[in-house]
Amino acid sequence: LDLVIENGLLVTAASTSRADLGIKDGKIVQIGGELGETRRRIDAAGKYVIPGGVDVHTHLDAPGDGFNTADDFLTGTIAAACGGTTTIVDFCQQRRGQSLQDALADWHRKAEGKAVVDYGFHIIVVDFNPAVEEELLSLPQQGITSFKVFMAYKGAQMVDDRTLVRTLAQARKSGALVMVHAENGDAADFLIEENLKVGNTAPKYHALSRPPRVESEATARAIAMAEIAGAPVYIVHLTCTEALEEILVGRRRGVDVRAETCTHYLYATKEDLAREGFEGAKWVFTPPARSEQDQHALWRALGEGTLQAVSSDHASWSYEKHKTLGRSDFSKIPNGAPGIEERLTMVYQGVNEGRLSINRFVELVATNPARLFGLFPEKGTIAVGSDADIVVWDPDATATIRQADLHHKVDYTLYEGKQVHGLPLTVVRRGEMIVENRHFVGKAGTGNFIKRRPYHRSSL
Amino acid sequence: LDLVIENGLLVTAASTSRADLGIKDGKIVQIGGELGETRRRIDAAGKYVIPGGVDVHTHLDAPGDGFNTADDFLTGTIAAACGGTTTIVDFCQQRRGQSLQDALADWHRKAEGKAVVDYGFHIIVVDFNPAVEEELLSLPQQGITSFKVFMAYKGAQMVDDRTLVRTLAQARKSGALVMVHAENGDAADFLIEENLKVGNTAPKYHALSRPPRVESEATARAIAMAEIAGAPVYIVHLTCTEALEEILVGRRRGVDVRAETCTHYLYATKEDLAREGFEGAKWVFTPPARSEQDQHALWRALGEGTLQAVSSDHASWSYEKHKTLGRSDFSKIPNGAPGIEERLTMVYQGVNEGRLSINRFVELVATNPARLFGLFPEKGTIAVGSDADIVVWDPDATATIRQADLHHKVDYTLYEGKQVHGLPLTVVRRGEMIVENRHFVGKAGTGNFIKRRPYHRSSL
Amino acid sequence: LDLVIENGLLVTAASTSRADLGIKDGKIVQIGGELGETRRRIDAAGKYVIPGGVDVHTHLDAPGDGFNTADDFLTGTIAAACGGTTTIVDFCQQRRGQSLQDALADWHRKAEGKAVVDYGFHIIVVDFNPAVEEELLSLPQQGITSFKVFMAYKGAQMVDDRTLVRTLAQARKSGALVMVHAENGDAADFLIEENLKVGNTAPKYHALSRPPRVESEATARAIAMAEIAGAPVYIVHLTCTEALEEILVGRRRGVDVRAETCTHYLYATKEDLAREGFEGAKWVFTPPARSEQDQHALWRALGEGTLQAVSSDHASWSYEKHKTLGRSDFSKIPNGAPGIEERLTMVYQGVNEGRLSINRFVELVATNPARLFGLFPEKGTIAVGSDADIVVWDPDATATIRQADLHHKVDYTLYEGKQVHGLPLTVVRRGEMIVENRHFVGKAGTGNFIKRRPYHRSSL
Amino acid sequence: LDLVIENGLLVTAASTSRADLGIKDGKIVQIGGELGETRRRIDAAGKYVIPGGVDVHTHLDAPGDGFNTADDFLTGTIAAACGGTTTIVDFCQQRRGQSLQDALADWHRKAEGKAVVDYGFHIIVVDFNPAVEEELLSLPQQGITSFKVFMAYKGAQMVDDRTLVRTLAQARKSGALVMVHAENGDAADFLIEENLKVGNTAPKYHALSRPPRVESEATARAIAMAEIAGAPVYIVHLTCTEALEEILVGRRRGVDVRAETCTHYLYATKEDLAREGFEGAKWVFTPPARSEQDQHALWRALGEGTLQAVSSDHASWSYEKHKTLGRSDFSKIPNGAPGIEERLTMVYQGVNEGRLSINRFVELVATNPARLFGLFPEKGTIAVGSDADIVVWDPDATATIRQADLHHKVDYTLYEGKQVHGLPLTVVRRGEMIVENRHFVGKAGTGNFIKRRPYHRSSL
């Protein structure tokens, strides 16, 4: 054996058991029983041993308006690893006029030699035309089994319903899952203009320009287009009760609709955008943060299975360099916030509060994302034959989250000063320890690109 | 080791892996790796190795109108075992004037020396009074962590909303889960009388006297009472889209509502009650079978997690001796049908048809029932330290279901002549082989009574 | 002509026109044109001329726990008349053991020689048995075309679902409309006991013991029973968004469900029950007052036609003599409040605020109640041939509502100190002036009993 | 007096009374009483006397793809008059590059010297730009108080959500009502292409390319945009339960949403598009006809007030000349069907069948359209001071509808061979008889353009 993790409480989405783990050649080979000789041992006494997190919504080295995100595939995946995530699926974005193949080549270049966790790519369709439409069909066989479209950001990524429905149709034919950023871009633009017109330029007007109705309308429409195309659909970063309601309406109609929320919607409210000075700009992401009631609804939806996953939507715009571009006009603040490192810990607080079982926690941050995006059973669970992506989780560790202690390169965290209970201690990726006692010990470029499997309705 | 199950594909609710299983002292002790010497080996090559089924809705040796069900704890649990079920939770029914303690003593006597699978009891509250109300609080510490009430069968088990809400309140205080038979008894009785009055006496009028509205009204009311009492609630044998809708409405309001369907609702329709001669009487159970659209809705709800479990509601009234009592009046036909043995195989057909993943199948027939009823993680999963309740499942076996081949004592099956693909081959209960190659090889009375854990909202 | 009302603005539910009105023999005989000689003239210049109000929910001379309401048919109908109401339908309540015929005879005696406005009776079914069931069928031909049942007040008026569904069935057969007091009595009793147990005895716990869920559950159930019986149903005193939602759900299913709200739900909130001292007891009525959001929802529902009518539910328990019986236990406070005189003026405020058109106002307080309860077209509108029940309404009059100025006998008003704009000035009943310039000038016993027509789905 | 209509049963939305009617100078001046000398008398014995119909959805002299509709303002309004309609509001459609003022001038020219009934115009916004946006604000003061947008027909009238929300905002500011053709054009185009691609070219694929989901999605979106703009919205030609559901959802959220259906949705089903030969092309209109269940839902919605009006959507494409252009490609069939003359009679059948009261019938075809579109109280009711727009309706007349008997110029009727009971006999417009005993006796160009009043939420 290459590695043994012993004395821990092994937790998967469907089991809780006291057992040692034997790892060889990057795979889990034995659970329980007598473990033979090993080159290395991790003592997990008093700890949980859980599958490595799977984060299917990250934007690393992503292009903004003349600048890129602070985190690239090196700093971003180091942060991921330190937070307990061993696989990410990042968004590869087509440029106008670019083929999807080309866009993917760009992203492969961005990741190679840098990524320290395993990774896959979703493709963002920006410039739809007959060639691109055709090209989509060929992506699943390259392991790209998810397509993303934006219903907002007119003039940039936003597509019309024609592109949406046709992308869904191509996904249906080729076994891909379409992910949708569901906000009505025209409605948001209208409210932005109305606000700017009367001098409402502060960050808080970002939230007021994108109320829940802007999201729920688009959510409903995305689901309707999926129904019409006969395709499954995955709603990213769902934030509010109104949108949850649309998910349920869609399912009642027989549509295969899945949805995630993101960590920050469980903690932030729209009041955060009104923080003193320009501080609120840190909370400028889309859809915006909602109310406390919405937070409760999201937690319940996670507990009951209405939502399938929690992602980070890590989009690391520098506060000092980029967010401040919108000082006199909230619509110029780059949209997005970091969270790739904080995700597991923050969701785990729901276990402490009795909102989630520890098994559901594992399911939401690892198993379900892996299942929905074609990474299971190699990723997302602890089982013989699965990749040895393991987190030793210390349920007793407490900490105050501080920007200084985080590994991302961006210059702030949404959770500054937050007390947490329960932290990732040691992280193993394909049998290799990459985080030891909360210190990164891995090596740049050791993460692998993963060809993902096609989507199937009964993947969960 | 006492037993090794080797070469199989091990499937839990959250993993699919090729690994051998080592069992000792009734527990799973090792998964994968080198398995030491063993007293016995099962070759599961080409087979699935899944957790033993957990059936939380059975009526064994249950009292009817002057007679008992055909199956007692011996024949009933042999049938269960042969169908791949290694744990049941049976309904212990209070008689009028009887204390709950007394009722439980009766049921312990019924099971002892007979049961061949492990078992627990739910308590059916029939005669509610201050003493019984008090008594309820003491049951969870005896391992009875679920209370059942009927909203139908006036003059027999039916309780009014006062009993319902107070039972829910006691459950909240003591950590129990209230199970509800949700049909409006008064509405059903009205329709029965209306039908009988005009000479509609055939079995099919059973279904017409208990339309979906009778069920959905009671479902909504049970959930409303749970909301008012601040308690969780579990709806048994949910059958139709209207009732599913009420489950979703309740969850949106924040109520912790769980629900099962039963095997026969996935296969029977109300047309079955109109079968030639008196044959339809076999399909007289409550709520009655619905439409094909309802079946599709139920399958989808199982796939998406709206429903948490599939139970058998095994109620084995003899067709020849008991069902025929209602030849000239459908309301005299004892309500219920067998299914304890057919459950796993019939639900498994949904895997063949692409409706359920194999993992979800395991979750629905084993893991979730175990979690919701305080049996997890000993029951319902395959993990080191869990009870070695294992089914070797042959995905390639085909059969035609025949009454002659079944092990229950009752004289018919609802699935006569049905072609199935996928069957339980060998069944191990706490390490002991009780079914071998589809033959029962166990011993009466070897099943244990299980004290179950309290219910918690985050149990899933 | 006996009377001419000239120079006014004539307003019906479907017209607004400047025209004089000619009345003869208690009927309207001419609108507009040259009006011949007349014995009397009313100058309505600058005033509206509207149909007399129809209040289909009053409790005059109604029995409580050992005492009757303060208002009998004399004081109550004088108050009605002064408020602009010229027809009431009062609740005749069966005593246990009493036949319905007998109960009606009692009510005829109560009204005769006293009533100053026209009146009809609904029958409240309290003690249901085969004889009563039969008797119901004969009531419509006596002009009693509405039956009332209570789903609350166990041990008093509450009936079970058997009585509810059977009463609905009899209504269907005989052309009657069943009115339902929709609150789950068992749930309310449970919450009352829970509150009293911990010493919550103040009036405000009345509202907390009957939350919206208690009402919406019963509303849903009443509608479900109507669906099962194939009968129409009328929900009295609907108060909240949750119950409104059930109305819409019912209609979507094809049930002919109608509903009213009452004046006080448009003005009171549950905070009124927490007024200083024991003052809150004045607001103890059922269902209790809700929130401001509910008020907005009710106004909208009136404007859009989701609700069909506004009634008073005038139940005049003396504050000093009767309400105070519950000083140390809110559950002993007689439930109900006065409002027969304030109704039109209070609903009219919605016209001032742009919530209702003046036509809709007329429809809600006069036309629709008349149509639904078989009084149309004699009552509820202004048309040639209709009864000359007319109110001259002064849209410019303002007043502060004072108990001292009201004509009811009970000792308080819920609207004390409220500024209003728009008041009834002069009231004509069947051509006879009974209120002149806000003074009652009529004579006891001049009101007629009205045999009402059967209900029909297309009555509106 | 100029005209007296005597001995009839006068029916308005809120009254039914036996009274004679006196008319002078185009206005109703007296109802009931002694009517003085008159120049003309109509004996309406045994007949109903109802307000002239108001049809707020017509396309006369409307441009298609290189040709215009068969009916212009002469033949179209003669047909209207013969059908009992005395006022229409027609759609004036902006051409690309054209100002709204110019478009209106075009429509004034189309109508002048031709129209025989009174008329107003809605403006269809096709080409939205800052100038047009500004121009919208000025239209209400010219009596154009309704703006129309299409969510379908990409490349032709379809607008995006930006135009939709901004048009709504302008309507809010200026007191106009936005009417929406609610179908998702992109989704429809996708399904059309999918059908054509596989050779599905027959008319029935028109219906299959525009399923209810295409309509309900757009309906939901239109309502969402109205919520965001804070404006009221009117959904034209609503056809199905899914869309009805969205209306209710919108109202529950507080949006002021109104909706009409059209005559043909009460009679046609999508099976009509599959009629022999190319006959089905006559039923090619949008949204397409639905199912019988939808028809029932529409009738119920009309009866209960969920829908406010029934319009004709008269769009008279010649079957022989224009519909046949789509013989080999259903998408080339001009969309639309005639119905301006049949409307009242066809809706009246619902009175015969007990679906609608006679008063509701009047409300749906005359009073409500007049109220919502600023024509009330001059139009839509019978009252002193209102325009003398009167129909003498013969409830006993029966007929078989025949193209040969109709007055429109287009070459077919959807109701060929239909037996009807109840017909308009004589029609008076502003006191002038224009139809006598079912014969047109009016004069071209005698219809007046009507400046309409602004919209207000409490207009009903």
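Before moving on, here are some points about what is shown:
Every chain is named by a letter (A, B, C and D) in the order it is written, and numbering of its residues begins at 1.
Just so we're on the same page, a contact is a pair of C-beta atoms (placed from the backbone, for glycine too) under 8 Å apart; a residue touches a chain by one contact, two chains touch by 3 or more.
Since the structure is predicted, the reported quantities are computational estimates derived from the model, not experimental observations.
Number of steps on the shortest path from chain B to chain D, with steps defined by chain touch: 2. Of all chains, the one whose Cα centroid sits at the greatest distance from that of chain B is D. A straight line joining the Cα centres of chain A and chain D is 50 Å long.
For the pair chain A and chain C, the distance between C-alpha centroids works out to 57 Å. For the pair chain C and chain D, the distance between C-alpha centroids works out to 38 Å. Along chain A, no residue makes contact with two or more other chains.
If each chain is drawn as a node and touching chains are joined, the picture is one closed loop, every chain linked to exactly two others. Residues 154, 160-162, 164-166, 169, 184-187, 189-191, 194, 211, 213-214, 216-217, 220-221, 224-225, 227-229 of chain B are the ones that touch chain C when the two sit in their complex.
In the complex of the two chains, the chain B residues touching chain A come out as 10, 12-19, 22, 28-36, 241, 244-245, 248, 251-252, 254, 296, 300, 303-306, 351, 354-357, 359-360, 362-363, 367, 376-377, 381-386, 456-460.
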